[in-house]
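Several structures are given next for inspection.
Two complexes come next, and they have one chain in common, subunit A, joined by subunit B in the first and subunit C in the second.
Then we have the complex of A and B:
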């Protein structure tokens, strides 16, 4: 038989309730934020993902481009290209906490799934810098092809992929030995690389080639080259850059640059199923943690478009700073 | 009751009588609309041609800017749809006025105007009849546009109903005034040239007003004072769940002014018809 337990007093109940409300409020303040780097505005803009309104804009280093977040959501990493550094920014105050050694002109980077190290593409020096973010210490510098840009780490953290824009290659780098283990030739000017969550496919966009190559990382073969065709828009204008794949691996979204559209691709059959009109020169993309929203940076129209992922509809475009480049959404 | 009409006792015209009068006129207009299949077809084909061909050609040529009530970028076909819907009402309003001229020529208007109901009620009933017909056309057009990919939020179709009713009244009232001025059916072609086309092109139906302003300030002002612009904007806002008070005031105001003018114009004692001695075959 269970022992009789007195009911908690009303005051205690109130305290518990208030406490849990406070906890809930603190959680809400952390999650539900998107952060956009404004390349010409030299700033980052915070957007509330519920109200889709700008909550704050803060000055950062010069020419901010690549932007990612630590897996715990406590730090924003930002490539301040003209300051030749990676800045660590507090997501709440948007203040620059510290600067990391990035090597010259960092543009894009990728974080190891464990949160450390950071792999930075140094476009001018044709190399990838591997940086311990906690110690701010360069672990290795890996020479790659000319003008490296796109960076992706496999979900198991064993392979780093760097795409070089002029060599037109995706370099596969072993994250233990820091040696290039394979190169895959793709179409002209590869800009961005993205692994599927299961690590079985790698999407590499080619800006000038106008295609997205889907590579099987196990065989290093290109399974499919996805091309795009939008009625009324010239072929040359279609320049794929940012790519994001849903975690179930079923749908890919491709930003088509000056074509002002985001392509929706069936990531299993590789058929393009839709084109969504967004702002001018759409560059990078980021999902909300529940993958119900996709944020796009539109560099020439200075705004961010929000796509309703399940319904495949652009619901809103939000004005941000000058030339928005990269976007990241805080993890839940 | 039998005997000559003179034997009919004089009794007040009750609300029921007004309702019968209204339903009779609306029913006649609907019957005429249903029987003229070509009219319905042409009313539908006209905006669809604009949507399928013109809008497709200009799909990426419009230029990019987000203007209220849109929250994001829209394709050209999405932009022109509200304007084309109100264009249907513009043509319908003018077509009703054409039918007034026709009725006058064949003498059936005499029957209508000898009704004991006040002149304003007859004209008002005629307006309602025109609005009902135009609403059928507008919603069929919106349904086809939806199938073409112009998806408007579902609530928009409901919220836009009052806007379409109001704009239907306005364009019908303008049509009534014009019909009182046109003496013969043959003159109706000039109505096309001098009323329909200028109202349609000098408006926000085909291009946003900021774009017009870029081209010419004078044209921008012309578009702004064109009540058709406001009818289009009222419908555009309503379709996306927004209310445009300025457009609503302009459309309501224009409706009242033109309806008053139509009542005066159709008064045989005072109106334009009276001044002219009435058209052939009409009692003045």
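Then we have the complex of A and C:
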């Protein structure tokens, strides 16, 4: 049931044609597979999104964290933080095909909508590395604030956003000139950035500040700071990390870390409408392609929770490797 | 050019006018951060003068500390010469990383007092030099003298060294923020850990110094607070055996003095580190040692690597070639608090910063897993404390299950209803 999807753009086609043989050797991702990086297990786990069963676990580099997929579904990109590299993994065999020059301590990254280049946050080095994934060549290194982490590319591919955890800013970087064109101050320890599909809103979570700032990328103003309150859970443990917004822009899901809940937010009014109890230290989130399922990585309970999106119900928890960190679902 | 980028550039120009910093400062950031880029990689270029950033606000910070006496011939854990200073210097770098984007530039001006130097005169000189934000790493009496001397000129003081409970009680001052933990907090943290293990019976061994007695008092108070029992208390009368340099450090009377006491743990009160490390394994009965040595409570620890602190530890280690000590961390935190206050108040006015720091709006990320803030009733920084043995973190206080209506962090130290502090 290998699904070959049409290539998203001429630029990506070009990228693949000039790409390395390794990429050709890779099969496309099977439809409906979730891939989870296990930070302490040094492995990735593949989950069939129909049966919700683990189909395969494979050893990867040390301290795997950020995990994304190429638009053509043929490659998984994985930050192997303690190996100081980004690994390119075949979604079918889960074999490491190539290692890319990520710069030191890569944690999170974002891919240009065309599939190239890759923008990598080097947390220990206060910079963003821009990497041509075909040539495995560093195109630029952009100095940003202290401890960059969250990375997002606008849907039109023109603007890259990097959040710096100690500087507490979202840096807006022009993807052609690699210049920082603006900085927006948010709350303490911004962890993750997510554009809405129309590019009109940017959600930035602040782990220690306990808030999610919604920024209008056109005016650079914070439209709203979303805060959370769960009865019986102390304010300090509510630490927003992963954020996902449905493609219709109507609903946002926010992982609240050690509060062990995912908040459901009306992405138009910014009202928090529900809190769903998931596993312990919920970190990152990923939708299934039809957006009917949401997968959450729960770092302290070593499992993945599956949320039924339309019914806002947690339907299953799936045991994975040690300290699951990131998750991506194929096809993208 | 995409519409989004066009809008961004327009907004950026507006933002520059409104005091937001762009383009050119990002380049300044390159230079400041000392990052050399390979020639083939793209670099940010100065933006055109029309979008030039406003003048940079200089924020000088004073650090007042005392010279560390040179260690004896061999001291495996000597206090480093740059204790506290290295932590503050690292935070200056962190602040300036934000400052390049906000148009603020922080500098550290350190005065290290030699023996006999007057701390008040030195503090006044620092303030006259423009340092109205003072980080002070001095004992309680000198801290108070400094705080009272600089108050009339509107300076504020960050205590990063003095643990005395009195500074947070009868002797509290409105111009002093306590970044160092109080002895009450340290004792509460350790006692919570013991209570969570149900190691309820304590054998207290108290050193001869005033700080040792104060620490012992704090332990007794904590024991009452959390339902533990001090079953025995003995003074240490055998001298600084942990530091003794001789060919025969074994003292028979020191080896037998723990005999016949039935307790779960032995708690040492030895702030100077004179004998606490002599006791483990030399007790008559097999006995765990906690307190100022053995298992300790502290704001920071070399083995701490959770919550992203590996990054901070690494930055510190690279810059200094040594591990970060609690005093370094406290000085780092104090300078970061100034940085955060300068960012959020968009200025350098100490009064505005103090108002912000003691307000409920203030919280800061400091690699402790939860935001830190300031208790408005005594201006003590509320923070988790690490329960650690020399090479590993064992637990983090507040322990699970110690609840408080405001925040579990307020189970450590003096709570509002019992506070004897009247700020003025």
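In this text, the second predicted complex is superposed on the first by the 302 of 332 C-alpha atoms of A that agree within 3 Å, B and C clash if a C-alpha of one lies under 4 Å from a C-alpha of the other, contacts with A are read in each partner's own complex, and residues count from 1 in each chain.
Keep this in mind: a contact is a pair of C-beta atoms (placed from the backbone, for glycine too) under 8 Å apart; a residue touches a chain by one contact, two chains touch by 3 or more.
Predicted model, so just to flag it, every value in this text is computed and none were measured.
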Open item on the list: Quick check for you: in the superposed arrangement, does A:92 touch first (subunit B), second (subunit C), both or neither?
Closed with: neither
Task: subunit C versus subunit B, contacts on subunit A by residue - done: C
- [ ] For A:140, select first, second, both or neither according to whether it touches subunit B, subunit C, the two together, or no partner.
- [x] second
Open item on the list: On the A-aligned overlay, A:123 touches which partner chain: subunit B = first, subunit C = second, or both, or neither?
Closed with: second
Open item on the list: Quick one: is A:53 in contact with subunit B, with subunit C, with both, or with neither? Answer first, second, both or neither.
Closed with: neither
Open item on the list: I'd like to know which partner A:158 touches here: subunit B for first, subunit C for second, both or neither.
Closed with: second
Open item on the list: Tell me the contact category for A:208 with respect to subunit B and subunit C: first, second, both or neither.
Closed with: second
Open item on the list: Tell me the contact category for A:301 with respect to subunit B and subunit C: first, second, both or neither.
Closed with: first
Open item on the list: Which residues of subunit A touch subunit B once you look at their complex with the stated criterion?
Closed with: 231-233, 260, 277-280, 301, 303, 305-306, 314-317
- [ ] Spell out the part of subunit C that touches subunit A in their complex, as residue ranges.
- [x] 2, 4-5, 7-9, 11-12, 15, 20-23, 26, 29-30, 33, 35, 37-38, 41-45, 47, 94, 97-98, 101-102, 308, 311, 314-315, 343, 363-365, 369-371, 407-409
Open item on the list: Give the list of subunit B residues in touch with subunit A in this complex.
Closed with: 56, 59-61, 64, 66, 71-75
TODO: Enumerate the contact residues on subunit A facing subunit C in the complex.
DONE: 123-124, 126-127, 130, 138-143, 145-147, 154, 156, 158-159, 164-169, 171-172, 174, 177-183, 185, 188-189, 199, 207-210, 217-220, 234-237, 239, 258
